[in-house]
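Each of the two complexes below includes chain A, the first together with chain B, the second together with chain C.
Then we have the complex of A and B:
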């Protein structure tokens, strides 16, 4: 067990490292012009000033040296800027320096992290509940009208682009008719109630929409496990149907579902760009989008690295959980 | 390489003959064993949802192909400004009339019908081009990885795993400015050609979709190859000394048409949706390109006073993606032996 965890951990670290290398290669070895972006478009931006900025950011050094500095920054932190001009300290894990905001990228991303996390956790709670509820319901009444309605809806809804549905929901239900409180983000420490009501509409909409993509998985694996021998054995022992459903069949059916959810949580941490843009929630996705518009590449790169890390950690946790939930899986 | 259009060619030494020869011979014999492709086609023809979706998708394809003729019929083009028809509040003074069938846009007063029919083009072109690229690269690398095995397989598999762990949307966002920077030159004082930037953005989208799209198909094909490799007809062909290239493309590929067609038909609506979505976010196409996603982004601000401006591209995207997705689902169903009745 311990060896398995260690080996799995080593693999995850290697993937994260590869992601950092790839991100660095794409963003910093690419033909981008960070010094120009930092300098701005106005009259003050003379070639001399660009050269000074380049020097202070270390962009005049060879690419390999830059890469070593970058990795060094991630591990132990680093100082940016040469000795005679103002030195900026970027503590570990340093993912670079934002040219636009003139502050460490890590701070900027971490500042937005609770926002996106609130969004994703609430949304996932809604969709997991709905997917399990309707999936089990459909499987239980297989072939009946209720099953066909659920399956029909779960086929039809994901075929509509999410952002179109979300935009119309926002415009008509939150703005035009104002049935649901307009989405906004307040820190949970500041006011839990404002935090809850501000995000409620987004959670419900996103959760309901996303659940339709998972209902069919839950239904299919419920139907699958119901035909298994151990479920038949459980029934033959005279255990109540409810207990058979929830303790025996659902527990096995839930394992592949957990994999899906775990991966989706990690991906939603940045995949929430559309949600954040439409509902105007200032999370990590919107940070990346704003950085795109200002040409602030280190920030986008930072978000990419952090996301890749989350995806990898997510996969790791999912693999561990798998053994806990499904007794048939032995970690080795 | 022709994928998806030609009927599978007969495979040498094939014992079970799942995929088969000329459809005419089959018909003449009156049934018996049919190729999986034919069975799937027959099932598809009987599926009402598939046929309605196909009709709707074809409608949009025709609109895209004849966009110039359609706007010519109306007598308007996509760029003319009609500032005289715009009221003081920047909204048009009418909804629609015989000259402007779908009305005009807020602010600039461009003809909405002309822009709507042209707006379907980039989505469809990008989707088809990306799907073609994904199919060629995915099939090729999947075949190589599965058939050659060894270090080729390990490298390709690692690349696939790696690409799948990267956040697609963020890379899509990042690649456009890098490419524009590189190929159009946005140094201070540089003259930036709008048309050129538009082309770069267009190509970038295709590039990103192909880059992140081929891995899933390659993985699928690799799995298929691994199972087909041990089948008798492949063993026989190899024993006869048939060159690897011929074994791959003449023996194995025809047997994988089903999964390839299914993955294509499920991918295309995804690309249509992604193009419009990225353009909506402002990181895909931009003016002077015309795209539904772009129109949605601008029309969003005047949805209360001028709803038709927003609803047209919204309905366009929703119906096009809906019909393509449902068609894709139906095709996947038709090819799935487990749902065969």
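Then we have the complex of A and C:
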């Protein structure tokens, strides 16, 4: 078990490294002008000044050297700038220096990370709950009215564009009728209650919207397991139908669902950009969006690398969870 | 130099176990007392293409300590009728008619509660494929203990003790350790033993074994059959054995019911049916059993395919595949469904066939060509 985890961790490190290489290639080898962005659009920005900035950021060096410096920064940290200007120390893991904010990218991203993590964990918890609840309900009353309603709604809802649905939800439930507290983010360490109430609306909306696809998946999976021989065996034992459903059929149906959720977490992390924008939650998605607008490349790259890291960790957790649910999966 | 009469001798059911009268009885139900009576059972499945008539007017009864073999091809209704005894058909999808009296209790139309109480406690079922019949995510011991706890108000540890005891009883070595393992850690034969332990954990009066050896190696098949035989002697329960393997029938059955397209076509004691079969379909089944000893005789499977249950042939359902149709004058086989009636004077032996002299045809034409080909693959 321990060996398995260590091996998977080693694999995760190489995946993250590959993500860094890809990110660097995409953002820094392209036709970008970070020095220009750093310099700004004003009259102060003369070609001479751009050249100085270039030198101080090490952008005049060959790309390969820049890459080595970048990796060096991630592993041990590095100093940015030369003797001409003030030298800035960027501690490991250094993902570069923000041109705009004049701060280490790592600090900026990690500051926003708990925000997005809160958003995703809450949203996933809501949609997993809803998917299991309604999926099982629909399967249990297959073909009956309740099943038709659940399937109908779960087909209709995803047909609405996410951003329109989110805006309407925000407008009606948080502004006009104010049933749900208006979305905001407070650190959980600061005030758990404010953290909870501030994000509740977002979790509910996002979770409910995302659950629709998974409801149909759980329903199909439950219907499939109900036809399995071992469910028939369970039924022939003389245990209650409820027990057959939950202890036997659902137990088997849940295994592939866990994999699906694991895959979806990566997707949700990326998708949080819309949610954060609409509900005005200052998470990583908004950080990336703002950085796009200002051309702050190291920040965008940093968001990508951090996201890749946590997706990898998430997958590792899901794989281990799968081993707990299905004893046939040997973690070695 | 094998002759027809030798063939018949070899088809006698094995007399290894004690005879029925000597078998130990049990409280409440004595050996020989009726446990199951199926009367005019029909099972139909309405589908978009029409009505599937899976079982059509089936009658049989069974006494404690007896083994009834139900024989037939896939789709003959043997499994479907037995699932009806266990109340396992979804009542929204299946239409069940007639009567199933199990230990004095009507099963057809009974409440979910009644059926739940009966399952495993009065009648238990062992399924064909032990690979897929045990839950892959749950420990074997737990699965058996769960069935015990469904009918006994005992603590988990008592139920688990009972579970280990049952695993021991069915010959699983190291049962305490095995109980904590998952089905994938068991071999095929061990899994079927565990299924039998699960079936017998509540000491049911009736055990339905649906092709219990089909998915197993030949060597393991014999062990499982022996185990079932031994356990029947010990528990005195009645067994319905569903199979298509006549070698298995010869070994363990007291009575044989041959089914074709949802109907009984021949029914009698194992000795009679195997030694003097009177229905062309039974002849076909006998001719298609392979043999190691047979010299040069080829297998003669029943030609054609089983009929669609959506659209049964007119008259005798077997007529499109029957080689003896011309022997019945007036095309009666096509026009008229034969009744399930006793031939000559024998009253407890019934056949559904228009042929006038089936015994003669078997003796003169079928038996010589069987040539010892009744394949005792279990020995």
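Assume the second predicted complex is superposed on the first by the 314 of 332 C-alpha atoms of A that agree within 3 Å, B and C clash if a C-alpha of one lies under 4 Å from a C-alpha of the other, contacts with A are read in each partner's own complex, and residues count from 1 in each chain.
As a convention for this text, a contact is a pair of C-beta atoms (placed from the backbone, for glycine too) under 8 Å apart; a residue touches a chain by one contact, two chains touch by 3 or more.
What you see is a predicted model; the values in this text were computed from it and never measured.
Taken together through their common chain A, the two structures put chain B and chain C side by side without a clash. Legend: residue contacts after superposition of the two complexes on their common chain; A:129 is shown touching neither chain B nor chain C. In the superposition on chain A, A:26 contacts chain B only, with no contact to chain C.
Comparing chain B with chain C, more residues of chain A are touched by B. Of the two partner chains placed by the overlay, neither chain B nor chain C lies in contact with A:191. In the superposition on chain A, contact is made by A:251 with chain C only, not with chain B. Of the two partner chains, chain B is the only one that A:304 touches; chain C does not reach it.
Legend: residue contacts after superposition of the two complexes on their common chain; A:228 is shown touching chain C, with no touch to chain B. Superposing both complexes on chain A places the Cα centres of chain B and chain C at an angle of 80° as seen from the Cα centre of chain A, in steps of 10. After overlaying the two complexes on the shared chain, residue contacts for A:159 are found with chain B alone; chain C is out of touch. For the pair chain B and chain C, the least inter-chain C-alpha distance in the overlaid model is 8 Å.
Contacts from chain C toward chain A in the complex involve residues 86, 88, 92, 112, 116-121, 124-125, 127, 129, 132-138, 143, 146-147, 150-151, 182, 184, 195, 198, 202. Those residues of chain A that touch chain B in the complex are listed here as 15, 18-19, 22, 26-27, 30-33, 36, 41, 45, 155-156, 158-161, 163-165, 167-168, 171, 175-176, 267, 270-271, 273-274, 277, 285, 288-289, 292-293, 295, 297, 300-301, 303-304, 307-308, 311-312, 315.
Across the complex, chain C is touched by residues 143, 228-230, 232-241, 247-248, 251-252, 255, 325-328 of chain A. Residue ranges of chain B in contact with chain A, taken from their complex: 161-162, 165-167, 169-171, 173-178, 181-182, 186-188, 269, 273, 276-277, 280-283, 296, 300, 303-304, 310, 314, 317-318, 321-322, 325-326, 329.
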